[in-house]
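Note that chain A is present in both complexes that follow, paired respectively with chain B and with chain C.
So, the complex of A and B:
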């Protein structure tokens, strides 16, 4: 092979090398954007799920007193049936739903419907000891307890009705999702 | 120019065109602004829910919050007891608790004889920030309550 042919051969290899690098970079860009897009879509769907759940909880016949108003006594009866498959499907297998009362502030900081790991829940005790004495700071409506870390993804102000005193309070409905990472 | 040189220039042009195409596609993904329309709607719904909950709520003393709002309007003095009550209760216990990092302005507007803002609680000046959501409800036949959510420059909309 003469010298000119060698130079041309080197030139062709160089051009091919650059093309391969460009194509390789293109693939990296494409897959990084694709992966990022999938992650964003995943987060977006989780968020939409939480928004739908927030609105659904605030309008559940089992909980509401009026449109957008949660009846605090009804939470006690709902929690007794929360292990039913219907509610597991309704809330999802990775969610936590808490109603926190913010105004007027309760006199205690008890979660009046939290369930221990053995799924034990004493309605009468919490109702007579804490609810009647205005010590219920929050109400756990549903807790899947399906992951290591729980992250709050949505909150929505709601009105909470107390039938025993015929009063309304301001609460925040907090939707959390469990993650295993 | 001989034919070989022309072919080489054509090859160079093809490579340059490919590079330009890749740069344009990359920039499109990197620079394209995200749409915040959904988030704005959600924040307006949140503001509306907040207002409805406030208007319906009782005070720690058992009276209605709406009574305090009307009393503040009738007192015609922002340092009066009902107005001070509103500032202390609404700002510290309700708005800061619910909105946390979000900036807001809660204002009360007298509609008679013409719309006039008579009282406001805020940690964000809507005139100097971007409004991200708002809602208005009627407290009484003569009074409207309005919440404006806003972001200061450099603050994320979803924070």
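So, the complex of A and C:
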């Protein structure tokens, strides 16, 4: 092989190399754009899902006293059955739903329906000790506990009814979603 | 040397062809993936738009509206294995909403109506959907027909360009129309002790023993499903599950209210009747309503506030 041929061969190898690099970069760009697009759409769909859930919770017969008014006693009843398949499907496997009472402020700061990891929950204790004495600041309605990071994605003001005293308070319904990263 | 030059040239041509083909395939796949992805996203968006719109007007016990889409849709609301799915093409989403629709939803907009289902307390909202190709014709030749026709939104009856039709008889009829694009529903004893519904299948009414009707809202559910299999799938599946869930919730809630001594008798009566209702005793609904109404006259909180229509609460 003379020198000219060697130079031509080297040129060709160089062109080949550049071409391979360009194709490789193309693949990287392609998949990163596709992944980013999927992620954005996923987030948008999660947001729409949360909007649907917020509206659905606010009109759920298990919780409401009247249109858009949540009956606080019914929350205790619902939490007793929250492990039923229907509610798992209804709320989704990555959601957390909390009702926080904001006005007038309760005398305590207890989450009266929070369930520990072993799913132990004493309705009577919380109801008689905290609820009757106006110490319930919040009520965990549903908690999938399915991820390591929880992000609140939506909150809605609601009216909360207390049947035993025939009182109405203002609360905020908070919808969170668990993420794994 | 000449030979070597030729072989390199041939090799270069071959390489260029292969590399060109790979690049072409890459961009072709890229384009087709983007198109597929776009289609899937649009389809999912259509389903979510429908679901979101239905959720947003569930707060109202009786509301109707037109749901608009960004493009033409072809959505099926299908009940199979007692679960309800919103389906368009290959995409589907399970929904926990009690949706009734007589035909596939086509076009750029859908007419929607929601009605609270109370029996005697609110069980859930029922959702009724139809596109602009569907017309409902209600026979209002009887008093009961006039009553239900007056409650039926006009947007479903005043359709001028309909190709599909649902004919409704509030009293047994002997000569209903038969055509592939017409579905026929007939109610039996709507004002009697055992109100029921039958659906036209071929030349016969089906089922032979009418399906019991639980409350006014269920009359409209039967009209909008217009098909025994769909109606039965929803009422025996998700609707039954909803009744059972609510009975459990109210049974539980009573124990928290029992401390109010003035209402003990009524709470206990409701508790007994809830058990009867869970076993399918329709008459228990009336007793629950009466006991709950009695509680409103005491200082004790009633179990539920819902206002129930008097009709069909036998």
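In this text, the second predicted complex is superposed on the first by the 146 of 181 C-alpha atoms of A that agree within 3 Å, B and C clash if a C-alpha of one lies under 4 Å from a C-alpha of the other, contacts with A are read in each partner's own complex, and residues count from 1 in each chain.
Convention: contacts are C-beta pairs under 8 Å (C-beta built on N, C-alpha and C of every residue); 3 or more make two chains touch, one makes a residue touch a chain.
Just so we're clear, the structure is a prediction, and the values are computed from it rather than from any experiment.
Novice: I'd like to know which partner A:2 touches here: chain B for first, chain C for second, both or neither.
Specialist: second
Novice: Check the residue A:64 against both partner chains and state whether it touches chain B (first), chain C (second), both, or neither.
Specialist: second
Novice: Once the structures are superposed on A, label A:16 by its partner contacts, choosing first (chain B), second (chain C), both or neither.
Specialist: second
Novice: Counting only touches as set out at the top, which of chain B and chain C does A:88 meet: first, second, both, neither?
Specialist: neither
Novice: So, does A:135 touch the first partner chain B, the second partner chain C, both, or neither?
Specialist: Neither partner.
Novice: After the superposition on A, what does A:80 contact: first (chain B), second (chain C), both or neither?
Specialist: It touches chain C, and chain B stays clear.
Novice: Mind working out whether A:169 is in touch with chain B, chain C, both or neither, as first, second, both or neither?
Specialist: In the superposed model, A:169 contacts chain B only, not chain C.
Novice: Output check: A:51 vs chain B and chain C. Expected answer is one of first, second, both, neither. What do you get?
Specialist: both
Novice: As a test of reading the superposition: which chain, chain B or chain C, is in touch with more residues of chain A?
Specialist: Looking at chain B versus chain C, the one contacting more residues of chain A is C.
Novice: For chain A, which residues lie in the overlap of the chain B contacts and the chain C contacts?
Specialist: 19, 26, 51, 68
Novice: Would you mind writing out the residues of chain A in touch with chain B in their complex?
Specialist: On the chain A side, the touching residues are 15, 18-19, 22, 25-26, 29, 33, 51, 68-69, 102-105, 155-159, 165, 167-172.
Novice: Along chain C, where are the residues that touch chain A in the complex?
Specialist: 1, 4-5, 8, 12, 15, 19, 22-23, 26, 30, 33, 37, 41, 44, 48, 51-52, 55-56, 58-61, 94, 96, 121-125, 241-242, 245-246, 248-250, 252-253, 256-257, 260, 301, 304-305
Novice: Spell out the part of chain A that touches chain C in their complex, as residue ranges.
Specialist: 1-2, 5, 8-9, 12, 16, 19, 23, 26-27, 30, 34, 37-38, 41, 45, 48-49, 51-53, 55-56, 58-59, 61-62, 64-68, 73-74, 76-78, 80-81, 84, 86, 89-90, 127, 163-164, 166
Novice: Taking the touch rule as given, give the residues of chain B at its contact with chain A in the complex, in rising order.
Specialist: 11, 15, 18-19, 22, 25-26, 29, 42, 46, 49-50, 52-54, 56-60, 62, 89, 93-94, 97-98
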